Amino acid sequence: MSTTATPPTPSAETAPGRGMRFTGWAANYVDERTSASTAVKALGRKIFPDHWSFMLGEVALYSFVVILLSGTFLTFFFDPSMTEVEYSGSYVPLQGIPMSVAYHSSLDISFEIRGGLLMRQVHHWAALLFVAAIGLHMLRVFFTGAFRKPREFNWVVGFLLFVMAMALGFTGYSLPDDLLSGNGLRIIDGMIKAVPVAGAWISYLLFGDEFPGTDIIPRLYVLHIMLLPAITIALIGIHLVLMVVNKHTQFAAPGRTNDNVVGSPILPGFAAKAAGFFFLVFGVIVLIASFFTINPIWNYGPYDPSPVSAGTQPDWYIGFADGALRLIPSNLDVVDPFGFTWAFGVLIPLVGLVVFLAAVALYPFFEAWVTGDRREHHIAERPRNAPTRTAIGAAGITFYAALWAAASSDLIATHFRLTIEGVILALQIATVFGPFLAYFITKRVCLALQRKDREIALHGFESGRIVRLPGGEYIEVHEQLDDFERWKLVSFDEYQPIMVRPNDQGKITVSQRLRASLSRWFFEDRIAPVTQNELESQKH
Amino acid sequence: MADAHDGPDHGDNAGTAVARQDSHDAAAPPAAVVRADRIPNPGFPPERLRVTDLDPKKARQAERTITVLFFLSVLGSVLAVAAYILFPIEEGDPSTIRLNNMLIGVGITLGLLGIGIGAVHWSKTLMHGHELVEERHPTRGSDESRERAVEIFREANAESGFTRRSLVRNSLIGALIATPIPAIALFRDLAPAEDPIALLKHTMWETGTRLARDPSGTPIKASEVTIGSAFHVIPEGLAELESHRLEEKAKAAVLLMRLPLDELNEDPAKADWSYDGIVAYSKICTHVGCPVALYEQQTHHLLCPCHQSQFDVANHCEVIFGPAARPLPQLPITVDEEGYLVAKSDFTEPVGPSFWERQL
Amino acid sequence: MAPTSPASARRAGRRSPLATAALLVVGLLATGGAYALATTTTATAETTVASAQLIDEGGKLFAANCASCHGLDAEGTAAGPTLIGAGALAVDFQVGTGRMPMAASGPQAEVKPVQFTQEQIDAMAAWVADLAPGPAVPADRYIAGDGDAAIGAELFRINCAMCHNVAGAGGALTEGKWAPGLAGVDPVHIYGAMVTGPQNMPVFSDLNLTPEEKNDIITYLLYLEENPPVGGWDLGSLGPVSEGLFIWIFGLGGLVAVTIWLTAKSN
């Protein structure tokens, strides 16, 4: 706690107290066996830059910890068996109804165990938050170019974590074996069956019988509590180690360069904030769980292949896949001359989603190739200073959002008094043309913002003060920026498109032509940062 | 590492990264334009001190706030335990669950937020507030260690003969590829040894099986199906099945509707599949298998609530909207001598979503 | 029917946060409502026996308010279907929920403030019932809501939930139509809807769902109404969509606000 220039630390100078002596002994004991001091020396005063958007990944990490803690509690009471029993618990509208043991034990957690419902709700809300925080974190990394060299690998690791989070979420959503999750599994079964050649077999092996079988819940349970969390934890480890190796990016600010990191040291300031933030994230999740119902499985009843509820939807992060299934036009089955069925109505959305996800995963390599940029980047770009990338991101968001909205087409229709058919048609159009529109609008907006920055950097901002000159002319006084304020507006690189050049054999390859034209597309429209000369001539 | 505000001015290093770039590939020139007359980095701005840095009274006040927050946290944890004991769940009174959930939750929330807000407030107001600077170094290893790494691999190669003894190496690669195959084979017994394709093509419906109400399993007389009715139907005997009840139900669920005869437009080839305007269609969507059960008795449209496929019952359940690829399969029905509705046969095509071998 | 009961049940609906207090109010009102309901349905039963005067009065009301669409003799016109054989229960449902008279043509008739007193509705119902036999207003014991909630819930899931949602929150139908939410609906109207199949709703005659089974379904719906959701606020019982929106806007939104406070330099 050093609040003054000379921190008062009497205990360090005079004879150490009893507590200090014990701490010293313990530290020595541990270090002689683990060499822990090396790690503390290397990491203890590592600098971490401060910006609110750098905390989003922490939200994801901490919600994962909350998921692990609440999930462990749930495993003590949950029984994944699909054996049929008659409900004997305290929820009146289900008494005497046959159901699986899995569903029964989920109900018992909710109705019989004190705090059990709270833990279920904490677990589920934390899961929704986990994926949402990953999504927002990915968007931050994307739009600030923080995936560029040397962080491409970490982008891929992060992407895999996003996929793992969705897989964990979906397997967990299925476990209570209620009507909603059962219909979700039925949809998965239908999608798997559409896979050419092996679809029916994969479904048969996965479910251990015809759908629904009696194996799927125990199998998903093993994946949900063992395999997927293990992979996720390993990936989180890699993600964090790579982050330490690469050091965190920082936004441009006076004194900050590509060759330094400015911020607070891990010990004590950053650690205190980060640890405090863990408790804040945990607290907010528990607060939500104590006041807001999530997934009231007792309403849905046990899984039965005959009933279904209006508004049957997956959790939000699977929504884009469900929406893609809804948007495809009718009657797309094709039977080929050999008599095999190609269910394009399911395959097109499926392949489309895989392509979309692959594009997300591989984008850093694509951009590096197109720009030919091999430098290390540690300054997070302002999105406007990379107009084409920002526009691509906006197009991707629009595509995803249209699919996502389609997953709630029925609720949009009832809540806004529209027709389902009209909503679907509008979203079909939005899915196909929306990304292009978003691309052009975003690119123009970025360039306009850059122009505004340039204007302000050169001429200052309008002060609103009108002055009459001796000659009778009226002018508005512009207030000049100081050097520190200006730096934020001018500290970016200008890029030029790559020229087509012959290679060693004196040939120009197709890939080079492609690359050159992509590079032109990336950088043709650009606004150069203000230079010193321009600034000087403006001043005089 | 130096304090940002006392340390030397780091000036404009932004260009140096470009200079460091390796230029092996002449075809890929640096894309960034580094202007000679770039505006220089002005260095760190003067530091703004916090009120707690300037005013010891404020610092003490912050200290008190933080302490109170930590005590509140203890209080929250105590409250959570108290709520656990004092507000138990009482059999037959769901509102006690709600109260239990809410009060334990509020206690734990207070316990967590007290620590969280306190720790962050401590960090923000009382811990050393200056920004520090750390140098970054290129991520690549130093030239020395890279050379040494290459040398190690070279030595290892020489000592093992990995490239020289190509037969050994290639047979090892072959063996490594072959070893996981048994693991794949082991997964065959995830499901019993039957052929799933044959199972998918048949349901529990047989000639003469009575149509029964879901879930009670009581058979339905044709006379009970009034115009505008919709019955959710299972084969008689399904409710009593000892095993595979849900699997059979997942294929055999049927929706039974009666339409005015003048509004029912039947396929001439299937004219005798209905009985006096009563038609039975599979409830399993041909898209991905949700139960299609939303029947509109005036428009005769069936809607699937999962993906909004729509089928026109008046026109042999053809798809009129949404992602479904095929009409719902029709179950041929008639009545037996007691007047009960019975199936004339099984479905004549597989029900539910498409699969590869569906038409074979 | 008791004019107070639908409105008051809606006012103290299951989404109220003040759970315990609301529960008490709902309980009291429901008891009072059921009592009032019992007395009025008895009255309806009596009218069927007697009172040509009532039928006569109903005829006049019909001619003044309904005949323009349904025809002077309820034979039906291009604008409205025939009511011959529709029965008293259909009139009670359609007029008693404010769906009739229709204000404007739309995808389906909407619930509006009720236009007539219960006596007037009974009179019109008597007149329509007099035209040809049709479903009558049920006996009290079938709408008392004292059946088996578990059987009712299962029947509700199989026969009703695909349109009305498992928690009775309502859902979408084709071409702008919708299945309404069921919270706060008077039991006699729930019963009437099942028997008469208003608009596009299928008919669930007594041969499909027995009157006792209908009472079980009503019991389940009353259970949902009278017992607040145990997990706290139910966000409209709309399922994962409202949960997803909530976590993005309030969960993640709130935490982003926290990060901004966390990283801002202290004064």
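Letters are used for the chains, namely A, B and C, taken in the order the chains are written, and counting of residues starts over at 1 for each.
Throughout what follows, a residue touches a chain if its C-beta (ideal position, glycine included) is under 8 Å from a C-beta of that chain, and two chains touch if they have at least 3 such contacts.
Please read all numbers here as calculations on a predicted model, not as lab measurements.
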### Pair joined by the larger number of C-beta contacts - A-C, A-B
A-B
### Task
Please find which chain has its CA centre nearest to the centre of all protein CA atoms in view.
B
### Message
Based only on mean CA positions, could you tell me how far chain B sits from chain C in angstrom?
### Response
35
### Query
How many angstrom between the C-alpha centroids of chain C and chain A?
43
### Query
If you average the CA atoms of chain A and of chain B, how far apart do the two points sit, in angstrom?
14
### Message
Show the residues in chain B shared as contacts by 2 or more other chains, in ascending order.
### Response
52, 94, 97, 101-102, 120, 124, 129, 214-215, 232, 291, 293-294, 303, 305, 321
#### Entry: Of all residues in chain A, the ones touching two or more other chains
50, 92, 110-111, 117, 121, 273, 276-277, 280-281, 284, 290-291, 304, 306-312, 409-410, 420-421
### Task
Identify all positions of chain C at which a residue touches two or more other chains, and write them in rising order.
154, 158, 162-163, 171, 173-175, 179, 229-232, 262
### Query
Within the complex, which stretch of chain B touches chain A?
1, 4, 9-10, 12-14, 16-18, 20-22, 26-35, 37-45, 52-53, 56, 59, 84, 88-89, 91-92, 94, 97, 100-106, 108-109, 111-113, 115-124, 126-129, 131-136, 138-139, 187-188, 190-192, 196-197, 199-200, 214-215, 232, 234, 244, 246-247, 249-251, 253, 283-285, 287-291, 293-294, 303, 305-309, 319-326, 352-360
### Message
Which stretch or stretches of chain B touch chain C in the complex?
### Response
48, 50-52, 94-95, 97-99, 101-102, 120, 124-125, 129, 213-215, 221, 223-232, 257, 291, 293-299, 301, 303, 305, 310, 321
### Footprint of chain C on chain A - complex, ascending
50-56, 59, 92-97, 110-111, 117, 121, 125, 128-129, 132-133, 136, 179-180, 273, 276-277, 280-281, 284-285, 288, 290-296, 299-301, 304, 306-317, 319, 407-411, 413-414, 417-422
### Task
Could you pull out which chain C residues touch chain A in their complex?
107, 149-150, 152-154, 157-158, 161-167, 169-176, 178-179, 220, 223-224, 229-235, 237-241, 243-248, 250-252, 254-256, 258-260, 262-264
### Query
Residues of chain C touching chain B in their complex?
19-20, 23, 154-155, 158-159, 162-163, 171, 173-175, 177, 179, 197, 199-205, 207-208, 227-232, 261-262, 265-267
